[in-house]
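As structure tokens, here come the structures.
Next come two complexes, and both contain chain A; in the first it sits with chain B, in the second with chain C.
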Partner chain A sequence: MDAFQGLLAGFQVALSWEGILFVLIGVVVGTLIGMMPGLGPISAIAIMIPITYGMDPAPALVMMAGVYYGAVFGGSTSSILLNAPGISGTVATAFDGYPMAQQGKAGKALAIAAIASFFGGTVSVIMLMLLAPALASVAISFGPPAYFALMLMGLTAISSLSEGSTIKAMISAVAGVMVVTIGIDPQTGTQRFTFGNVNLFDGFDFLVIALGLFALAEVCMLIMNRKNRNLSDDQKLGSLKVTKSDLKEMSGPMTRQSFVGFMLGVLPGAGATIASFISYIFEKKISKNPEEFGKGSIKGLAAPESSNNAATSGAFVPLLSLGIPGSGTTAVMLGAFLVLGVQPGPLLMSDRPEIFWGIIASMYLGNIFLLVLNLPLIPYLAKILSIPRPLLISLVIMFSLIGVYSISFNTFDLYMLLVFGALGFAMRVFSFPAPPFILAFILGGMMEQAFRQSMTISNGSLGIFVNSPLPLALIIVSLLSLTIPAFIKWRSRRLSLKR
Partner chain B sequence: MKKTWLTAILAAGALTLAGCNSDNSSEGASGEEGGSFEPSKTIEVVAPAGAGGGWDTTAREVARIFGETGIIEENLTVINKEGGGGAIGWAYIHGQDGSAHNMFVASPPLMFVPLNGQSEHGHEDFTPLANVIADYGAFAVSADSEWDDLNDLFDQMKEDPESVTVVGTSAPGSMDHMQFVRIAKAAGVDPTKIKYVSAQDGGALTSVLNGSVDVFSTGVGETVEQVRAGNIKVLGITAEERMEGEVLSEFPTAIEQGIDESFVNWRGFFGPPNMDQAAVDYYEEKFKELSESEEFAEVRKKYGWSEMYMDGEEYEEFLDNEKQEIQALLEEIGLGN
Partner chain C sequence: MLSTMNRRIGLLLFIIASVYLYLSFQLPNYPYAPVDADVIPKGLGILMLILSVALFFSRAIETEAEKAKRNIPKKELLVLLAVFAMIFLYILLFEMVGFIVMTAVFIFFCSWFLGYEKWKTNIIVSILFPLGMYIIFVFALGISLPNGILPI
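Moving on, here comes the complex of A and B:
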């Protein structure tokens, strides 16, 4: 069966009444769960596994996939409205989304996020459809040295994530790297900084830190500055309308970052979180007005939103075509496949074409449903901001606690959430930026593991990073991204001195 | 808006409830006077890991078959207690001292994790009920590798141990590592010179496919699909005898290649400490019935597991022996505690 016939068969699955119904259930459940701070696709899919026992695998998997990308789609809502990331892939969404909402453009920000998500989702499904088999080789092209170089490239961008003091940004980043070393070291099995406490053996979940540093810190700031702002209801919601010039402004980032996000999604271990950060930084670096980023830039919102949704579809490439789960969420998805008696892997496309293509075809449909469902909801969602402040603050705290508790049902994590909330608040008060901390936390752990895997493989020779083209190229790009801005600054200063 | 928040709160409430349905009491355990035991309330089966993994799948399939066949009439619910490679779940069960309505699913990490100093509780702290399944380890290499059997690989490792890297998902000293060390040592490889890296998030298979590392030490089930697709070849498995089933039966054992060693990834169920003997007898019998049922044979076939029933006593003896062997091996390679 060739790809075209396969896709036709896939659409037969997706467009049957059963297919349509389950896609719809999947995306509605996903988008609702994603909207809640801290509740992400992992919990949603895990809850669904027992429900799908005994179901026909095709509709069941179409529904699970819908939950997954639906959660990423909906995850932006709480990032934008409350600075409380719905899922880890939408932390970067808060950088410009939340300032926009604060400026009374909540409705517009939500609409831009929805459009960018739809665009990223759809572009990546097209790429998934055309390239999934071919991309399988891309997914495995990165060995440990290349991963190390990729993470290094991401870390060089830290300076561009900060406003003000570079030194404070660096301190923040170093703290992030330090926190990620807590736990059992996978390369030696040694406990690091756990103080023998079993709750620290697995280290900190990303969401504990993200919700602490962003949501709880923001709540503290709101309480501190309670007298400052007094917007009327209309101002809070703002106009929903996305103008033509807005669309024009976001078209560039959306197109570029859909590709970037998709490719990073394809790489096992990278995924939506890293993709959204890298896309954000990418757009800021090439922007003519980088100073607008972090203050409610449309580009800064559209970039991570198209990227994280594209990465979600990208993550289906290694899952479906190789049977390799690239993240915790896709690992749970893989478990769901196995429970339903479907083995994802190189033979899925020929053994069970209706499932392989059914999932892909259903994603077109799912993305349309998501856009149609989300756009009319926006005015209602944005009204969350007109909930009286004390009630709103309590709700944010409550949902953050529930979100963290649902990760592993462990009360210890709740105390850690409070600790990171306090740390985040202190950082805000003394103007240490939180994004470098978060980025270093995400990249630092993977970077260390990749470095040490490489060192074991090469028997301790650093040559492994420069002897093959892929890591070498990435390292050169990292060096350039550090030196070019410094060089430009130096030259412009010399020019201005001459004058 | 009201609706959205209502749904949200309801969903959140349901989640919270799902997390709190544990129940500390051990009352209701009838049969105190050495008579027979019948469960009088829902039996809680803990999977000391997240949803979708091996423990979770085993627990859910066993609970499902118990329910569908009516072997156990009382309800069984599976709960996930994730963290610390199992240590959090074990600590939780350890706190249910004497309860006859709690159990958990376990496999070799119940030995490896405490041996590596990462859990206070090991198999000797719990009441073994029964073992039900055996799974085996496999050593795979890329399809275009120059090695065709384990002896090719081990000859190279004896000559130049630095040239071969082994990858697995878990940390050194745990299952993926030690099953390889055990077989390699029996073949005459210096166990202290084996290079092992750990890779998460699918990185292990990726690294073998792209040639970054040489050997993938994993479970047999993880290799089948890749072998069928011609991406990797399995040099040897740790089972005593050839396994049954398509593809699986083609994998040569280490033993038939002249290496006299094996490793079983056993999977069974344990109760809290001091479980009443009448309850142990009850569960032993029920697990035996499950193991012999046609329905469970189907489950084993679906996941490529082998049948391996042991009653509690036999199980304990087997585990004591295994633990001693592994401990000696860990000490030899300098990972002992």
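Moving on, here comes the complex of A and C:
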């Protein structure tokens, strides 16, 4: 099936009544959860996964994708109105969005964010449509050594690009793989670290980890900040109107940063957060009036918003065509695929074209829905920000508990959810990033399998990873991605000590 | 020696890594597997040992923002512990008492405990949410949730 036919088949899925309904559910839920300060896309996806049990995979995954980009789209609302980013990808949105809201132009800021998000999202779906099939057809020839090296690169990239200490990020990643080794080894049947406990034979379900480390830990942070202000009822949004000169002003940043965001989204480890910061700095650097940035500049608002949404679709490139997630969020997306019995990767495009193309086609539709939701309907949607925090906290706890119970019907997993919730909170308090942990947890099992397959092919020689060019290159890149930032930090410290 | 937080965490991780590594060496071997089940755990254990030592001796000084993050008032920590205790009780009892009753009780008390004062709204939400979830899960998704004491 060629790409054009595939896309037509995809639109058949996306434009069926089922497809339209589930895209709509996905983007609405995503927008609402994304808006809540403190609850990110990972929690949004993890909370929604139980709903998909027993569903047909194509509409289910179309919905889950909608939850993801919907959350990134919706995160900007609370950044602008409350100066409390809904998700980490919209931190940079608040830099100029909140000052605009303070000047009484909240409505305009929301409208600009919505248009920029729509533009970034749509441009990047077009690029996803072109790049993903090409990458999949190359990746079909990759053997286990290349896959192992690719996953290793994903882990080292996310560790070195995480906020704060690289050592802590690496500890996070290694701990994630250590947790995967608990359970019966699928290849030899050996019990590892189960202590004879039947509940541990299958290892931990990824939903226990995702809901614990993210949803529950985010709830803990919400409990700490429960007295932060909500949206007050009398807050005026002002006119949503965007003038022609505004559009002209934002067109440059929007176009440039959609490409920047997409490319950063494709690369492992980066994603929406880093993309939005880089785009903000990029536009500030090339601007003729950089002093306007931070005071309510239209360019400073449009740049990160186009970029984070473009990065979101970009992140689907490695997920769909290689089957390897590059970020914590796409790791949980991969989990959503696996729950439904769908293995993304180079074979997805030929084996399950309705899923591969259905997701891509649905993104065009989803972005249009999001534009409608976030432009004319935003004053009504923003009301959700006035939900009292205590109520929100209790409900999110319940969603997490029901989610885990409905996969295992076992209270042991619920206690484990509590344990991982406490761990996730401790990690946030002591500045250990959680995304490397979840990515490592998802990739860990696949990495071990690829490693052992490679060693079986090579009869136990590690040379298989360095004898062919692709794995060698990827391993070198992995090592460099860890050592270069450390070296730069070391140099800058030495220079500052000399002074 | 344990002057900074990083050192304390480093030591804790060192102990965890050592136990993990010890257990990895207890894993059985099979003669015909080129890479046995113990290889990856051993590698991970060693990697974690190295990283914990690196954290212990790292000269990175905590930034002010990081320090502020772990400066939690005792009272807030108690609130958090209380919520965890409530979740624990919920897990302990909900299969026996039933999903709807236990969830209603949890939402009401947890929201009230965290400072929600509009008790009328609270009661309405506490009853409607479990009912709604029950209907979605049991009737729409076909996932059974414990009935407990309610005769449904």
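One rule holds for everything that comes next: the second predicted complex is superposed on the first by the 275 of 499 C-alpha atoms of A that agree within 3 Å, B and C clash if a C-alpha of one lies under 4 Å from a C-alpha of the other, contacts with A are read in each partner's own complex, and residues count from 1 in each chain.
Convention: contacts are C-beta pairs under 8 Å (C-beta built on N, C-alpha and C of every residue); 3 or more make two chains touch, one makes a residue touch a chain.
If you're wondering where the values come from, they're calculated on a predicted model, not measured in any experiment.
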{"item": "Touched partner set for A:L8, first chain B, second chain C, both or neither", "value": "neither"}
{"item": "Partner chain in contact with A:L130 - chain B first, chain C second, else both or neither", "value": "neither"}
{"item": "First, second, both or neither for A:M170, with chain B first and chain C second", "value": "second"}
{"item": "Touched partner set for A:R226, first chain B, second chain C, both or neither", "value": "second"}
{"item": "Partner chain in contact with A:S43 - chain B first, chain C second, else both or neither", "value": "first"}
{"item": "Touching partner for A:L462 - first (chain B), second (chain C), both, neither", "value": "neither"}
{"item": "Touched partner set for A:D185, first chain B, second chain C, both or neither", "value": "both"}
{"item": "Partner chain(s) touched by A:I484 [first = chain B, second = chain C, both, neither]", "value": "neither"}
{"item": "Chain B versus chain C as contact partner of A:Y405, first or second or both or neither", "value": "both"}
{"item": "Common ground on chain A, meaning residues reached by chain C in one complex and by chain B in the other", "value": "50, 53, 185, 187-188, 395, 398, 402, 405-406, 452, 456, 459"}
{"item": "Residues of chain A that touch chain C when the two form their complex", "value": "50-51, 53-54, 164-165, 167-168, 170-171, 174-175, 177-178, 181, 185, 187-188, 190, 192-193, 220, 223-224, 226-227, 388-391, 393-395, 397-398, 401-402, 405-406, 411, 414-415, 418, 421-422, 425, 428-431, 448, 451-452, 455-456, 459-460, 493"}
{"item": "For the chain A and chain B complex, residues of the former touching the latter", "value": "32-33, 35-36, 39, 42-43, 45-47, 49-50, 53, 139-145, 147, 184-189, 191, 198-199, 201-202, 268-269, 318, 322-328, 331-336, 338-339, 341, 343, 345-347, 377, 380-381, 383-384, 395, 398-399, 402, 405-406, 408-410, 449, 452-453, 456-457, 459"}
{"item": "Residues of chain B that touch chain A when the two form their complex", "value": "1, 4-5, 7-8, 11-12, 15-16, 18-19, 50-53, 56-57, 60, 64, 80-85, 87-88, 91, 116-120, 162, 165, 170-174, 195-203, 205-207, 209-213, 224-226, 228-229, 231, 302-303, 335"}
{"item": "Footprint of chain A on chain C - complex, ascending", "value": "5, 9, 13, 20, 23, 27-28, 30, 33-41, 44-45, 47-48, 51-52, 54-55, 58-60, 62, 66, 69-70, 72, 76, 79-80, 83-84, 87-88, 90-92, 95, 103, 106-107, 110-116, 118, 121-122, 125, 129-130, 133, 136-137, 141-143, 145"}
